[in-house]
Amino acid sequence: MNLPPFDLLLIFDYLGTMAFAISGTLTAAHKRLDIFGAIVIGFVTAIGGGTVRDILMGDLPVAWIQSNNYFFIILAGILITILFKKVVMKLRGTLFLFDTIGIGVFTVIGLEKALDLGINAPIAVVMGVSSAVVGGVIRDTLTNEVPLIFHKEIYATACITGAIVFLILYYMHVPEIICESITVVTIIGIRLWAVRYNITMPQISLTDKKGQ
Amino acid sequence: MNLPPFDLLLIFDYLGTMAFAISGTLTAAHKRLDIFGAIVIGFVTAIGGGTVRDILMGDLPVAWIQSNNYFFIILAGILITILFKKVVMKLRGTLFLFDTIGIGVFTVIGLEKALDLGINAPIAVVMGVSSAVVGGVIRDTLTNEVPLIFHKEIYATACITGAIVFLILYYMHVPEIICESITVVTIIGIRLWAVRYNITMPQISLTDKKGQ
Amino acid sequence: MNLPPFDLLLIFDYLGTMAFAISGTLTAAHKRLDIFGAIVIGFVTAIGGGTVRDILMGDLPVAWIQSNNYFFIILAGILITILFKKVVMKLRGTLFLFDTIGIGVFTVIGLEKALDLGINAPIAVVMGVSSAVVGGVIRDTLTNEVPLIFHKEIYATACITGAIVFLILYYMHVPEIICESITVVTIIGIRLWAVRYNITMPQISLTDKKGQ
């Protein structure tokens, strides 16, 4: 038993889940959805990534069905946002930090789950990154937007890079807790750096540089 | 064996399924989709909720794959709508009633299935409500709209209230048939009341009441 | 063992998968998504149909998780499109052919998988057609469009017709390789004919022919 590191991962998992629930609720509010819509979007943003990952891997029922913890953490995030929206909106910096920690932790959890199930490395990377980004993709699709991460954010790239770092360390037999820590720090670092310097992924141009 | 009540639930299930198929087909027609598009939207509206519920709970293959009944009921609903669209559109009141009965019955079926699988009460409510509303959410997403129930309708709230009523009665050991009946009547009552008096859920305002 | 025909089906499966990945990547580029968005859309277009089919039938983990082949074929299709987009765009005729072969083969694979799992004929047709068309539906939904096949293309109808032809031959105990070949040729033939003569499915009009 090595409880402390696991607990730390779990605490970060919960923090990230709550940050995702809050981000979904805020998006719903911006879209002028009603309270039920906000609850659904908050919920789906928080559990979407892990849910799709578990379905694809056949690990059913999905994790949040088997425990009430996620349900109440997400509900708390949604209610806090609805009741104290002005305070929440002022805490954008903190939320951004939780959200960034969240994608790091979700990537690691997805990767480890896939590797535990004997899935090959390239697909394990897909599972890790899916855990982190699919919730946001569903949030944007349900609110009738092209998903943000397809055209604006670099954080999926941060997750992919982190996942590859994890696998390199993992196959070098570095202890799991160190793999996890370096991966999470890598993902957080790349995202903070990208946001700080406004780095985005290039588009695929279909036309000449001279043409329209 | 207690066939009559079960049969009644099943008949309402079929009526609700057909009402959902018709509603999907009408939405597709309004969106000027072609006949294939109408068939898909009709189908997905009718089976979407139960499908997502079964996938999340790992009860696969999903129910409608294992029986032809749903397939032919849905197909009948779609064809009736395509062939007799003027008659169908005049029957809006009847359809609204079937649809309302449908969401009541779907909520009860989803709840009971979740409880049978040993799922905790809060998540069982989510499963019940999902059974009732997810078909409509997929219908609206595929036709490129923000789902209606996120900003206009109160019927998800009716389902949640009904589901909570069901659980209270269920844990008081009220006979199942009475739990079911009271729940369905509660859901139908709330929805009819909300539509009659034009009650909607409040939005989450992100601005001051004075501000824009 | 009857390897050559199986191999042929597999080669066509891979060609179709790559054509789908390329079509997804081109759509993403037209929508001005970034490279990560293009990779996701390419991937989802290529694996979406088979993934949804496998989830509905409970055949998990989904096929592409268990083998790296699809992953690398799809990645190759995406990278070729990104790196050599001008060449790829000039090869539209070839791509259209691969894509058309792909939907024929995907329909046959989905049908056979469903029949192998003991699924009834009408639902098996749904599974076959889903294998062929759902990837494109997800592609269009994620890029915020009403799915093309719901209002413009006839190819789903080609798949349905092919699937019915397959079943008739199958129940007449025609050897599987002949069933497969005739089905694929039927689907390809209908699609080429429909595109050549610009045949589309009728819409469902909700108004009088005289009215607007």
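All chains are identified by letter, namely A, B and C, in their written order; residue positions are counted from 1 within each chain.
The rule is short, and it goes like this: contacts are C-beta pairs under 8 Å (C-beta built on N, C-alpha and C of every residue); 3 or more make two chains touch, one makes a residue touch a chain.
No experiment lies behind these values; they were computed from the predicted model shown.
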(message) Rounded to a multiple of 5, how large is the rotation, in degrees, that superposes the C-alpha trace of chain A on chain C?
(response) 120
(message) More than half overlap in residue numbers between the two sides of the chain A-chain B interface, or less? Answer same or different.
(response) different
(request) Quick one: report the Å distance separating chain A from chain B, using the average Cα coordinate of each chain. (result) 30
(message) Quick check on chain A: which residues sit in contact with 2+ other chains?
(response) 55, 60, 141, 144
(message) For the complex, give me every residue of chain B touching chain A.
(response) 55-58, 60, 117, 119-120, 122-123, 126-127, 137, 141, 144-147, 149-152, 154, 156-157, 200-206
(message) Help me check something: in the complex, which residues belonging to chain B touch chain C?
(response) 25-26, 28-38, 40-41, 43, 51, 55, 60-62, 64-66, 68, 71-72, 81-82, 85, 89, 141-144
